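Note that the chains are named A, B, C, D, E and F in the order they appear, and that numbering of residues resets to 1 at the start of each chain.
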Amino acid sequence: MPLKTLIVDEEVAYSGEQLRPHWAFQTFGLLGDSAVAFLGPCDVQPEHMRDIEDLMSASRIYSENMLHFIIEHFGEGLDLAVWRQRVFMAIIAEALNARLGRPAIRRVGSDLYDGEDKLSVSVASVSLVSSLIHAGVNISSRNTPVSTRGLEDYGIAARDFAEEILRAYARECESALKARCKVRPVQ
Amino acid sequence: MPLKTLIVDEEVAYSGEQLRPHWAFQTFGLLGDSAVAFLGPCDVQPEHMRDIEDLMSASRIYSENMLHFIIEHFGEGLDLAVWRQRVFMAIIAEALNARLGRPAIRRVGSDLYDGEDKLSVSVASVSLVSSLIHAGVNISSRNTPVSTRGLEDYGIAARDFAEEILRAYARECESALKARCKVRPVQ
Amino acid sequence: MPLKTLIVDEEVAYSGEQLRPHWAFQTFGLLGDSAVAFLGPCDVQPEHMRDIEDLMSASRIYSENMLHFIIEHFGEGLDLAVWRQRVFMAIIAEALNARLGRPAIRRVGSDLYDGEDKLSVSVASVSLVSSLIHAGVNISSRNTPVSTRGLEDYGIAARDFAEEILRAYARECESALKARCKVRPVQ
Amino acid sequence: MPLKTLIVDEEVAYSGEQLRPHWAFQTFGLLGDSAVAFLGPCDVQPEHMRDIEDLMSASRIYSENMLHFIIEHFGEGLDLAVWRQRVFMAIIAEALNARLGRPAIRRVGSDLYDGEDKLSVSVASVSLVSSLIHAGVNISSRNTPVSTRGLEDYGIAARDFAEEILRAYARECESALKARCKVRPVQ
Amino acid sequence: MPLKTLIVDEEVAYSGEQLRPHWAFQTFGLLGDSAVAFLGPCDVQPEHMRDIEDLMSASRIYSENMLHFIIEHFGEGLDLAVWRQRVFMAIIAEALNARLGRPAIRRVGSDLYDGEDKLSVSVASVSLVSSLIHAGVNISSRNTPVSTRGLEDYGIAARDFAEEILRAYARECESALKARCKVRPVQ
Amino acid sequence: MPLKTLIVDEEVAYSGEQLRPHWAFQTFGLLGDSAVAFLGPCDVQPEHMRDIEDLMSASRIYSENMLHFIIEHFGEGLDLAVWRQRVFMAIIAEALNARLGRPAIRRVGSDLYDGEDKLSVSVASVSLVSSLIHAGVNISSRNTPVSTRGLEDYGIAARDFAEEILRAYARECESALKARCKVRPVQ
């Protein structure tokens, strides 16, 4: 099925609890693979942290205001999710750099940096029926646990940026599906 | 196993025949997952074209001189290869833009462009034992079937660039493997 | 991707050679999962027989005129194909019985019978990139190697019947995809 | 392993809690793939509903008396379960129509209808070790949340019908396994 | 990634709770595939028993002192784990027999025996991200629920034996990975 | 399906050509997973060598007389085949040592040794529909390319030994299948 995308009008406070199978279906009626964007604060409690390294280091995953993306693909595993996630972060970096007119944003695995400042948090996980990705891009860079930059610092409107990213990711998914269907295997 | 990387000293003319399982093992003794770079012309005959769209449109896959990468991952399928390939092309675009100091290079799926000029060819395929990716970045932009740009046009030394890309891809693979091993599933 | 369906206007003689990956893409431009119907004779040569039992028994897979279906699903294996095939044959039986107004047609695995007369041939196979199903329903029942019945014997127009079957199978695929995306796993 | 089948002598009230891995092993000692039939009422509480659409619509899954089937296949995923489930429902429809002597029962995905009356409930789900299918066929059609028909309305003895269905499904599983082992792949 | 191995210096009482994903990472910082050995008593409570047969028979899984191994492989399923487990038990039997100079130890599936005396307990299970194996070899044979033998009875030092086994299993894993990368498929 | 086993009465010269899908079905009518034993010389031509290391080193895989086993498991991949193969070789070593009354035979991965003398050849490979294992145990140790030992040197009757090994492997497969069906996953 083609990816379904949605930008939520209301603010949603991201607690990590949203990164679960069928959240997009149960909350917004999106049945199937989906990418949902929303704006809101980010404060992930340990029981919803998926990266064990974060848990062990007692990291705080916190931001006053972020542009969040929740992505779900059914019938896929963690391996694929991890590589999808990196493509998704590359798309965000590509879009930011194109807007800034200079390659200021570096992608390091699934993290985005401007110099030493961190722009994003992201995790890829898996349930029994789907793979799940959360990516959050700072809007505000105030009061964050580490030095950060946010869309506000670049004068980028979050909702407009969300639309660009969702469109680009939907295109990426469609072209990846097509690629899979038009390549001859190697004997 | 960690990715094995190699830059071949001698020129190799890429005919498409190199995109086969165990080529890196049989030719260079690299056993396991590998990424091999080499320089040389590119002229893919129809029987070695893997993209059926290229075959059907009787495209010529030709370049006087390219920086080639052949990537092989054992025990992986086409789905994963297609997303790995996009990360790999993003790495190349990221490295080019960082060197140029401006976001000149756009990635569109698995293709790289500078404005309307094409910089690259790439295909991901699969055999019964491994996934296989070929990516070629033009060094020369002369006499190509479509309007292109090459590393020479940017004053970038191909071998040095190859080293940077292989290093970055090895790091990406290692961090992706680690990500898979430290994330809690969602119940 | 949603299933793409097509009824070919011209007669096609089925030789078994059509049951190969990307046949629908290369012949009709259908990229992705597809179900193609066509009318024509059936004469499968041993080198294109996929069922080894047929090969060993030197069976002749022959019919003067059949309604053929070629189904391809990318990224799927033989196990799933075998069960898809049975659903497909059940759909044909259900449609025939509904038209006949009596449950005359029995499905036995992937075969259809009316009493002792055979109505169909079918095989499910797999390539490295896709699963493939051929199903042929006799139009004519003349000169077949075993006692058969055909759509003509029931006064059923093949092209109209093909449309009904393709529509029903597309609906089945869509509802199966949805089912997969709305079920909670069992812990 | 060949499918193990059982008809339980005692009435069992189906609450949805029975649809879990190893239920047949823990309750009846059936180790491996199994299909178990029993008679009893059906009243599925929300915490055991697997179809999120049912949960969201606050459907009541209720029947005074049903013929239930619980099917478990180890080492299989949800995709395959969804198609197995449809074959299973087709088998029930085929058997009913054969007994009725007219094609009264229509299968729509995993649901069975006689005109507008619903005959069945069914869901396919998955655990980490197995796929699980519940199918319930109304015996009684009294006091159901929607208009239904049941085996009693057709004068069909439930236990005898259960035997026929289990036998047919075991045969289907065996022939599907054989099909997988005698087909040549397509190069 | 190559297997990471560790012998824990402190005694660990095995309760079954240790057989969970990321235990080696969270407890010892071993990220990735790992095999960890430790010494200590064994007393598995029903809620941590993984073998349902043990649960149903109310078996006690108890030993005063055992050499324990916890093995985790990411991205692998139960089928592979079951065969890995048998190779692991074969390694232990091979090492014991080599030390004893006579083939006293028989492997029966995943159990080790000396005559009628049981030497070991073992279970292979699976989580959503990894496969998990526990193997325990008796050090003491006192006060066990069935007649047993232990490393003490053979005068074998447990820590030294643990080192031999971990080394052998790491070698086995490495050679199995290599085997997978150097074999031509059969067309 | 349970493993089907057979000892061929006639001598068969093993050329490597027998290691292909459906060989047991086409030659002996064994449909499904199978293990077939036969006696005969071994001379594998390069085109049938599956281990690329053997091909590259121009090894000769030769023996005047061997006890051969061809094992096929449908629907399984190379990873599992490699670990199955090691269990199979462990079974042979265990049986030999039990007969010899001393642990003379060492298993190193998929090879068996008595001191420096090699007893066996083995390879695991994969086709699109099945995994395939060949194991050959020397009967004669004369005229082999490297120093070997054979069953004759130990006074072991090959046919009787073949029966023991096939029985043990069938038991191993059955108990592995059962293990998979009675273990609770780890949440």
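We take it that contacts are C-beta pairs under 8 Å (C-beta built on N, C-alpha and C of every residue); 3 or more make two chains touch, one makes a residue touch a chain.
As the structure is a computational prediction, the values presented were derived from the model and not from experiment.
Enquirer: Quickly list, by label, the chains bordering both chain E and chain F.
Expert: B, D
Enquirer: Chain by chain, through touching neighbours only, how many steps does the shortest route from chain C to chain E take?
Expert: Minimum step count, chain C to chain E: 2.
Enquirer: So, comparing C-alpha centroids, which chain is the farthest one from chain D?
Expert: The chain lying farthest from chain D is B.
Enquirer: Can you tell me which chain lies farthest from chain C, using the average of the Cα atoms as each chain's centre?
Expert: E
Enquirer: So the centre of each chain is just the mean of its C-alpha atoms; given that, what is the distance between chain B and chain E in Å?
Expert: 42
Enquirer: Roughly how far is chain C from chain D, centre to centre by C-alpha average, rounded to an integer in Å?
Expert: Taking the average C-alpha coordinate of chain C and of chain D, the gap between them is 26 Å.
Enquirer: Pull out every residue in chain F that's touching 2 or more other chains.
Expert: 21-22, 25, 52, 75, 78-79, 126-129, 180, 182-185, 187
Enquirer: Taking the top-of-page definition of touch, could you list the pairs of chains it picks out?
Expert: Those chain pairs which touch are A-B, A-C, A-D, A-E, B-C, B-E, B-F, C-D, C-F, D-E, D-F, E-F.
Enquirer: Which residues of chain C touch chain B in the complex?
Expert: Contacts found on chain C: 22, 25-26, 75, 128-129, 187.
Enquirer: Which stretch or stretches of chain C touch chain D in the complex?
Expert: The contact residues of chain C facing chain D are 19-21, 49-53, 55, 76, 78-80, 82-84, 86-87, 90, 93-94, 97-98, 100-103, 106-107, 109-110, 123-128, 132, 172, 175-176, 179-180, 182-187.
Enquirer: Within their complex, state which residues of chain C touch chain F.
Expert: These residues of chain C touch chain F: 52, 56, 77-79, 126-128, 187.
Enquirer: Looking at the complex, which residues from chain B come into contact with chain E?
Expert: Listed in rising order, the residues are 1-2, 21-22, 25, 31-33, 74-75, 127-130, 177-178, 180-185.
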